[in-house]
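As written, the chains take the letters A, B, C, D, E and F, and residue 1 is the first residue of each chain.
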């Protein structure tokens, strides 16, 4: 990947205040094709908040974000309705974002073939996370913003996330992930809050 | 850009509305229940009932739209779906409108369709006017749902939003309730009332989605 | 057909409604039973699908 | 172990109902047909009570009795299930509810059609009888809606049993409270203390009709229970088939 | 064993009820809104309003208890609090009763206390009877809350439980609504009615907690 | 610890069916003072379900559980109301279970001194988990049932959990924890589903 490429995502001078407390200030970052940035920091330092700002969900107190490409958001909450099954959920979002995704293939890939028709209310924690992760495969979006992507996953699941990330980067995608521990994460750089 | 996200939002909300199991039967149960409790409270004098009937139906429609809407956006904010819709690549106002429409279709329209039955229960005389009233109730309840949606979006991140919604939405319901009641009264001034009702519903459909969109962005912040 | 007094319409309405509801319910129950039997037989061919 | 004995038990029921249900259908057909013939053609019209309209009784009264009997059956089945967890009791409760609702609706509909020429109104809001039957109808609907809203069978069974038992405690209270209202409805003349007060020409066809409705109700309950048993078996087999394939999460 | 868990459950529910911000004002807003909408619908004839007033208040109380209760147990089941209460070392029925009582105190009782004001809005004459009615409304709404609690607990794990609750709870509300209306009517049979109302409320308080407990265990399962 | 001690928690012949599918069957386990059992298994194999059965929250399809001592339950959901702060939450439960706990000390111990008065709706994921974990310190209960206790915690937080567990065992307590990965967990035995 060419590091002189146009940045996919740029944040400059980002600062955030939450409840009279300065969470972070003057944060700048640039994400280019193929990069994988890891966000580190103790609990409550503002990783989730920064990711939401980058995704455009939260308005920063200072600074600005420039998005040159669409991005996928994967947060603590999975965005599943209790009555949805992994299959109906993925079908719905595939339709919303433009069709073309092969739902069955995605389900199998994510290890969701068996609980594909179980309502989300009954899914195990890991199955819920896998369903949410599967959304990343429905539409190609160059930037992925992942908040603790390994949470609740078993060893297989964590290896799967690594593979997804590697493939995404190989295709010219980029990502920022907030991660605790997980020394083995295939990162190209990191930022500590 | 494309209508696909709107269709998806619409579909998801329909699914949500029907997911309780008995689906559209439930608001009907609510309205039926209210219709039963009211005469229990006020007695069975046919004249009183006939006078009160249409008004009670409007109130029941308003209240059941509140009950239906309470959780629409609050649930979206809590389970993370709102974040996804804000990034779905379609105007948030259009998505909010699609969701509201879906809920109206599954909880508002059936109530309107059953209104002649309920009117008969309130000792109204069987007449073609009852069928005209179905249209009026349908129009009016559409406005109720849109204004209720604004209230629901505003209180999406607040606990006990339901009651806050009622506080916000009830004043907005007033014009609709007045024009609706007027149109059915057959009294003086009732000829223009259906038009006024339609106009106020149109106004709701035109304005409410933008208010909802702004409130939803706030809820995700 | 028997001849009734001025209330004939009400009487026929009641008997008609009764017949309709009872027959429709019976039909529905029997069709559902058939469908269930067929679904089970497809999975577990046995004597008339009895489990 | 209890897991497997519960699976085995319905077999006995399938064998029993296999010959009992057709018998019930045939007998109920005969009874209802005879009742209809008597009610429409044979029985003379009652000159004191509105003339021919009283013929409606042969539909209305059996429906009313069955409405009440079916709620009792629902409550008893729920109670048995709650105490002994006998799967058949749950199946029975599940299928009784919609059938009971049908007969309750029939009672309401025929009663209110009968009311129009007799009392001059389709519906009277503070009539004790009408209101208590209406609430019975609501209880059936609530029971079905609750079961439908639970997505696992076990939960549907438990929730349904709780509601049916609370309802059973409440039905007398509902009846008692609405009885304080005035009622247009006549008092009991068949099940009256001191024996029936009705003329035999009316009494016999009425009793036979009621028997016919009850037999049909029983037969329908049996058939629906067979359907439900088969459906549950089907679901288990499907799950077992899935179990075989796909070793993924 | 000890009353400490019950007090905690009570305290937590009070906090929850007030947490929306405006707290107990909200159900009042709801009732007020209904009281405003009803005359809009039925016109302002003083006699009709006076006849209809007490009945409408009963209905409004019943419906707003439904709206209030909808989320009580559903929220507990969703956020994991229910699991904690089931292990709190006190009978589940007592905990459910404590929670229901707290919600009645913050949403039911205030409505009853404001009832004279609303009665005046419905053209009732100012008289000491209005104060007696406060007690009747308070008693009746307590029964509404307990039966509504059963509905809420039963539908705690169901989406759109609110509407299911209404279907379940409305038949259970009937005796209370009837005795209450009877007691206020001043007509024949109204002398014994307050006692009957008290008895049916007592019955609700005695039976409902056990049904709630069974339903809550089910919701956690 | 004496392994001949009376078992604190025993499960025999436990079996569970979920949606027509057998999750597990004939599971037996015994937990004695000082033991720490790790529950392992891929996503969706029934770890959470088994723990809920042991806690008495879910009814097993077959088998029975004998609890000789009270237990603490720590699940995927934290049991926090959105408007509660860590301080009010812990005060409430300390009162419910009998007083005596020093709330300020517990808050400091769990690293919650700073967000002690922030409403749960605004807490970060890790802060929520820490608040829920803090409940374990409010009352001494010999058995702890922990469902993925490390989720969302930073390095400090994970070390803290290890310390809590070690101290709990030293005091004669016992625990069962469902865990993915985390090779370093100080366990005395494990069970794979």
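Throughout what follows, a contact is a pair of C-beta atoms (placed from the backbone, for glycine too) under 8 Å apart; a residue touches a chain by one contact, two chains touch by 3 or more.
From a predicted model like this one, the values you see are computed outputs, not experimental measurements.
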| item | value |
| --- | --- |
| Separation of chain E from chain C in steps, with touching chains one step apart | 2 |
Remaining touching clusters (ignoring chain D, no chains moved): A, B, E, F | C
| item | value |
| --- | --- |
| Centroid-based (C-alpha) most distant chain relative to chain B | F |
| Between chain C and chain B, distance of the C-alpha-averaged centres to the nearest whole Å | 37 |
| Chain centre separation in whole Å, for chain F relative to chain D (CA means) | 48 |
| Distance from the mean Cα position of chain F to that of chain B, given in whole angstrom | 45 |
| Interface hub residues of chain F, defined as touching at least two other chains | 18-19, 42-44, 76, 81-83 |
| Set of chain B residues in contact with two or more other chains | 16, 19-22, 26, 29, 33, 36, 39-40, 43, 159 |
| Multi-chain contact sites of chain D, meaning residues that touch two or more partners | 131, 138, 141-142, 145, 149-150, 152, 238, 242, 249 |
| Touching residues on chain E, where the partner in the complex is chain F | 2, 4-5, 7-9, 11-12, 15-16, 19, 75, 78-81, 83-84, 86-89, 220-221 |
| Of all residues in chain D, those that touch chain B in their complex | 121-127, 131, 134, 138, 141-142, 144-145, 147-150 |
| Residues of chain F touching chain A in the complex | 18-19, 41-44, 47-48, 76, 111, 114-115, 118, 122-127, 130, 148, 151-158, 180-181 |
| Of all residues in chain C, those that touch chain D in their complex | 2, 4-8, 10-11, 13-15, 17-18, 21-22, 25-26, 29-30, 32-33, 36-37, 39-40, 43-44, 49-51 |
| Footprint of chain B on chain E - complex, ascending | 16-17, 19-22, 26-27, 29-30, 33-34, 36-43, 45, 48, 51-52, 54-59, 62-63, 66-68, 70-71, 158-164, 166-167, 170, 173-174, 177-178, 181, 185 |
